[in-house]
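Read through the structures below before going on.
Two complexes are shown next, each including chain A; its partner changes from chain B in the first to chain C in the second.
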Partner chain A sequence: MTSAPPQTPAAASTGPVAPTAPVWTAGRVWLLVALGAIALSLIPTGLFRTDVVNGGGLPQLGRFARASLTPDLSAEFLAIAGQATVTTLFYAVCGTTLSVALGLVGGVLMSAVWWQAVFPQRRRPFGQVLRLGLAVPRAIHELIWGLFFVNIFGLDPLVAILGIAVPYGAIVAKVFADLLDETPRQPLQALLNSGVAPLPALLYTLLPQAFLDLLSYSFYRFECSIRSAAVLGIIGAGGLGYEIFLSLQSLRYEQLWTLFYALFALNGSVDVISALLRQRLDSPTRMDLNLKRQRSARAGVSSAALSGQPGTPASLGASRSPAWERRTRGAWGLGHALLTTLRERLWQALPAIALLLIVILIPVSFRWVGADYSKLWSPRTATLLGDVVRLATPIRITAADGAQLLQLSLQTLAMSVLAIALASVGGILLAFPAAYTFFLPGGLFSGTRESRMQRAIAWAGFIATRLVLLVCRAIPAPIWALVALFVFFPGILPGAIALGLHNLGILGRLKAEVIENLDQRPLLALQAQGAPAPSVFLYGVLPLTLTRFLAYSLYRWEVCMRETVIVGLVGAGGLGRLLTEQLSSFDYRGLVVSLGCFILLTFGVDAVSGAARRSLR
Partner chain B sequence: MTRFLGFLLLSVLLPLTACAPGSAPSASLGNGAEDAVVTQPFVTGAIPDQDPEKLQRLYGILSDYLSEELGVPVEYKPVTNYAASVTAFRVGDLDMVWFGGLTGVQARLQVPGAEAIAQRDIDAEFYSVFIANTDSGIEPFEDSAGLEALKGRSFTFGSESSTSGRLMPQHFLQDAGFDLSEFRGEVGFSQNHDATIQLVEAGTYEVGALNEIVWNQRVEAGAVDTSRVQVVWRTPPYYDYHWVINAQVTERYGDDFVERVQAALLKLDPSVPEQAEILDLFGANRFIETQNSNYSQIEAVGRQVGKIQ
Partner chain C sequence: MPLFDLQRVTQRFGDVAALAETSLSIYPGERVALVGSSGAGKSTLLRLLNGTLLPSQGEVWALGHPLGRLSSRQRRRVQRQIGTIYQQFHLVEPLRVVHNVNAGHLGRWPLWKAVLSLVYPLERDRAIAALHRVGIPEKLDARTENLSGGQQQRVAIARVLVQNPLVILADEPVSSLDPERSRDVMALLRELVVEDGKTLVVSLHTVELARQFCDRIIGLRQGRIVFDAPTAAISDAMLTQLYALEDEG
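Entry: the complex of A and B
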């Protein structure tokens, strides 16, 4: 009953997509597949067979919620929370730095353009081979990497840094390779033809050309790193995740909320700074890089903006000028003018400020974290790695294991489907009030002559939805799962709800950005012709946004699949729970098999989501 | 424009490439220099079976005591889960760990030469208790046949690897012919004994199983509302918690180091106030000798339940 809601709204919101899809039948088929998958996924939740809701936990949930109003603000604990926040930030900086470094090297080596430059005569498949090879580290979650590294590096900050850097490095490498391959090659070819060696040629042509996109994506990765650093804390890496886990385990909710607020502040400020910076560098959307089609469309716009007046607020207003102007016009004289000047100054200085921050933060972070890098090549590491390999081989799968694995794999798949259904429907619903171009004064759906009261309500709604989204995404999925376990028996339902909530926060914000970056002209035209608001929404906004919403949701489904393992680790169902038992039984052979299942599932989801996204184009 | 971009590119990428490897040698150099002067500390750890803040305090005092007795620096490293404490012991990051029955066996099986050296006087006859929320209407019973009354109730263990919070309770349930699927919903894993008490007291789960010592300590301290939760069954006795030490410490601190550590633990005297505090926090009157063979029952049960491969 709790997961019934996702089904109906999903039907309602995916319905209108068909008319806009170029292939009518393909769209319909995918819609049916999606609805069928969601319905089938409800079966293994046990919703209709056994008890899944544990009413006994409601008072505990109430205590947890009430504590949000009375966080522990004692000086002693604030000091702990402050230090934990800094630790999480620094881990994220180190993780991002290493993953971008790995990603740059890997990205070049994976790109077709590089191998073409090195071997102009013959086609060499090195890039593709590396691409396939790196799909495996990508499919394994940071937390699992962390648990693996504990086995070979012991209790060292290195575990957390590499836990982030290895999978993220592989992800960054793939994105960077795609970016390099999509960058125009004429300048590179010109240098190569005049006899410049491939590496300098690449450094002087493709890299500067693709630089803004690379940088923009790196900032996005940093936002993700903050979340991952918090999750890695749960396995003992220190920082906010660690403290949150401890407080939750000892059920100290007041302390828990202090830490939550610290996490919101950290996540929120990093997101805002990163968004501003990307906007300043004129690459406004976070995930365009994952959606090639829109990228090429945008490339035209952004190059136009760049060639015009880069670095002035004009580029900021490029895609949203009507709303922007209307918003600013109504404000008051001198004070406003001063504010505007100040804002422009800040806006101009933003890249310099960011640069300064980066230059300071990176060395400070590495020093603070103080990982023992000598462990990377110490003989002990080699011995321990040998031990793990010896313990994990040879693997055997009996028929009984196979049946159990199949069942758990299906459960895990169901968990990811329910999670993404919840996240995308919730994300779409919250994205509209969270976009500033809609209900805020000056926005598309605000009246022209609003009372002060109405304005206040509009602002309150906007801020509230933004906060809800921030809370949803800032709290790591395993922590959501532990909260869900108050009122649900262990199983895939609490896991799906936890993943759904966390990803709802991420998808909601991405979708709000899509809305904010909408081309407003057709909508304003509809409005000017007297179309009532619901019609503008149905015939203007939805067709323009829905395909991108669905593409984001499909992309995020892959991420949900990866994350099922971490909610399983804290006791939600599926393969993750099997992994927990195997981890605590030191059953390395079993672990290898379960991880193999995970990787296969991730690849499968990847393939299906890719096919569905292609049919959306 | 190009110059602006070029500047950005250089200034962002240079620190990226320069700092990552650059700071590495300096960090390891620093560590190396310290090692040369100060003796490498003897690192202790514990399975996180109780409220972590209590553990931190307990092991702070114990480290001070051991450091004084042994003449080497002693450090306590907290670990967040049972399995990580075993792994950290295996890789050599923890030299001596306060393990539960099961984790101790798991650790010794993975570290050749590791030895169980001491346990509390109470560990040779250790008990788990099954507790129930009073609203559940479950009455206390004496015999394991009474477990029948738990059918159709919601139930939580402690940690997956806990001996008193999972392994032995599960063993006694299975011995009585009780299948875990007969509980209402899936069984939960609260992760530690304190959480089990709180969750059962609050009614999140109707029944739970935990370490009897932790239960008694919390009841004495007045931390449990006994009108909301009560003991319904006490299991038969078994061997549980013990100190396991890695034999490799003799290479660092001398051949007799294991014996010296054992002596220091056994010497803890309840009539000396500071030492009484340590014993008190452990819930023990004294530490007594133990040996690997005492845990063969635990090992057998561990294999039967599948927690030992």
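Entry: the complex of A and C
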């Protein structure tokens, strides 16, 4: 626009002069900070200075990779794998149920709107106090909670359930409180004004108003719970994580891959069902629209095609651009039609599936898991907790401890930065081929007349990237770390790579969802004025998505920071390794200090990430 | 005894006095219209009457109780006798109509009953009777967000009917509706109030509706009462003066 020639010579001399474009925008400053942080983080890895790659481990890695083609499919082991899968699923169900229950109570008590309803005339800071208090359980990773509960309850399923429920409960409470506070309050105020007590008023206004969001978020938490349940298995709670750890330790790679495939299947199916459900819950209006479209599409000669609207992800296939209809005839069209019918069926069955999940799976899970809840209030537990308090106090820090903690903190920070850098860049690169609105036939960047071969390549690329992302996120980070340790010497590099790969899978999928949900009208407008694909990408896609991508990455950095603990478990270094050592040797005094240090570090990362995210808006 | 009694009430928001030194009594059975341009203090006055706001100065008595000096429990008991209807309806849109109507019971229902009713709607007969009176009994199980504006306002009125208060406050109840619906809703309100012997205090932006449906009109301007008289005594000159531009007065 700036290079547009002036209309008349006179305008050039007297017309407005454009101010020089600012060089140091907030975005560029943050970019420099990020690049600097990544560069600094490379120093403690020892890269370029010492040997980091262990060449002797390569044959091992080869054996491991080859075993992926020959998983152990004996009936005996399949039974074990099946049972482990069910256990992990049920742990996740129980953990999610408890954390949602805790989160609902905590969320109400943390919300500003609740205390405003109870004390309309005075301001009471109860909500903020609770918010601050719950920041601590939120900052501590599930695994640390799990290890702590092992010390208290022994190897009981209770460890896995509580290990998920305690930190997730605190997270859910915060999110629920935010959702409640963002809900319009006039209906609530109307009921309060007519003399209704706060609790029933809340039940009849804010809860139903926010219900879909609350439910949607609960299902997202369920997806996370599956991954956490697998990790908690590693510390002995049972399930897939436990079996994976056993097989890896005894170097039975064929068994390992059977378990991996079980994990992929479990993770993949939960993710797909839950993502669809969340999509449907997020916007009931879009669903209604979609259903109407489907009806009209069946009634006439593809009347949906006449509308020419690009399909929302919710309506994949149900309403496609005319181009899509034209291009997908023949064999591909048949496959596509099948896929569409399947997806449509699933879409319609979703509420029933959700209800089934809630009504049947929850009681069954609690029965199957059969945790010994009496341990929660047994005298032995009280004694052990008393011991912990006695052992943990008084707290002393020597200068040597301080120096060690500082060094480990910096290592941990470096590990989280490298991990998120890998996950973020990799995630963005893989997100585009993983989004079905781009390169697939009918997508934005597919040619108008593609050969059968080109279409096949597009589909293969799409499926392959999706699979890569699934494998990346389904394998727990500590397992990635163990694999990385085949070829790297212990240190923060294998830890960062393990965390990076795992989070790459998560971020890639999230970013693909962003791309698929993109409003395509501005892109089609650019395309319609003749802009080539790379320009559409630079002027349309990137500006529309980059902010969201960066926001997700920054948020995920906070999660990465917490997750450094779990790769520490297998010796990847940093504070996590110290924490797990102290926990397993009952060194509670040291634990309190290093945990405090870790929490401070977490809060620091949260603050920086929050500041960066705010400047993105 | 008056239902409402305002004694030298001032309500400030920051530096702005939305209502200044206002004294006013409203008696049972009256149909009072509050008129005046936007920002005159009509909404503030109504929010003081139902206890949403406590005044910066002065005292508001409702049903013989000083609202500012009650505990929350005592204030709730008084508020149950005051039903309010809003311009934007303030219904819970994702809930079915029956639940929004039943919300009128919540001041009296114990918690377990409120919870149970969300799962299995209780007192459906009362709800359908109320909806019948406002003319939309067929909407009992409809989702509230699928209703038109006029229908939503009728649901809000049905909720107040179920609440069965002594007095109904209405804050611009017809401003979101077209003229035809406005007259219907106002006629409905008058009919309900007259039949059940209730009191009505309604803020309106059209003087015609006030003259047609109320027996007392209070004119507000810049937070002060300009006139307060029976409808018959209101002259065109008084109204012209009320709505005259600031710098002309």
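Definition applied: the second predicted complex is superposed on the first by the 522 of 617 C-alpha atoms of A that agree within 3 Å, B and C clash if a C-alpha of one lies under 4 Å from a C-alpha of the other, contacts with A are read in each partner's own complex, and residues count from 1 in each chain.
Just so it is clear, a contact is a pair of C-beta atoms (placed from the backbone, for glycine too) under 8 Å apart; a residue touches a chain by one contact, two chains touch by 3 or more.
Given the structure is predicted, the values throughout are model-derived calculations rather than measurements.
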{"item": "Touched partner set for A:Pro208, first chain B, second chain C, both or neither", "value": "both"}
{"item": "First, second, both or neither for A:Pro120, with chain B first and chain C second", "value": "second"}
{"item": "Touching partner for A:Gln529 - first (chain B), second (chain C), both, neither", "value": "neither"}
{"item": "Per-residue touch tally on chain A - higher for chain B or for chain C", "value": "B"}
{"item": "Which of chain B and chain C A:Gly573 touches, first, second, both or neither", "value": "first"}
{"item": "Which of chain B and chain C A:Ser451 touches, first, second, both or neither", "value": "neither"}
{"item": "Chain B versus chain C as contact partner of A:Ser250, first or second or both or neither", "value": "first"}
{"item": "Touching partner for A:Thr398 - first (chain B), second (chain C), both, neither", "value": "neither"}
{"item": "Doubly contacted residues of chain A, that is, touched by chain B and again by chain C", "value": "208, 211-212"}
{"item": "Touching residues on chain A, where the partner in the complex is chain B", "value": "50-52, 54, 56-57, 59-60, 63, 97-98, 100-101, 150-156, 207-208, 211-212, 215, 234-236, 242, 245-246, 249-251, 306, 310, 351, 355, 358-359, 362-363, 366-367, 370-374, 380, 384, 387, 485-486, 489-491, 571, 573, 580-581, 583-587, 589"}
{"item": "Of chain C, residues touching chain A in the complex", "value": "50-52, 54, 72, 75-84, 86, 88, 90-95, 99, 103-104, 106-107, 109, 111, 114-115, 118, 160, 163, 165"}
{"item": "Chain A partner contacts - residues on chain B that touch it in the complex", "value": "1-2, 4-6, 8-9, 11-12, 15-17, 19-20, 23-25, 27-28, 31-32, 51-53, 77, 79-84, 86-88, 90-94, 106, 110, 133, 154, 159-161, 184-189, 191-192, 194-195, 198-199, 202-206, 306-309"}
{"item": "Contact footprint of chain C on chain A as seen in their complex", "value": "118-121, 186-187, 189-197, 199-201, 203-205, 208-209, 211-212"}
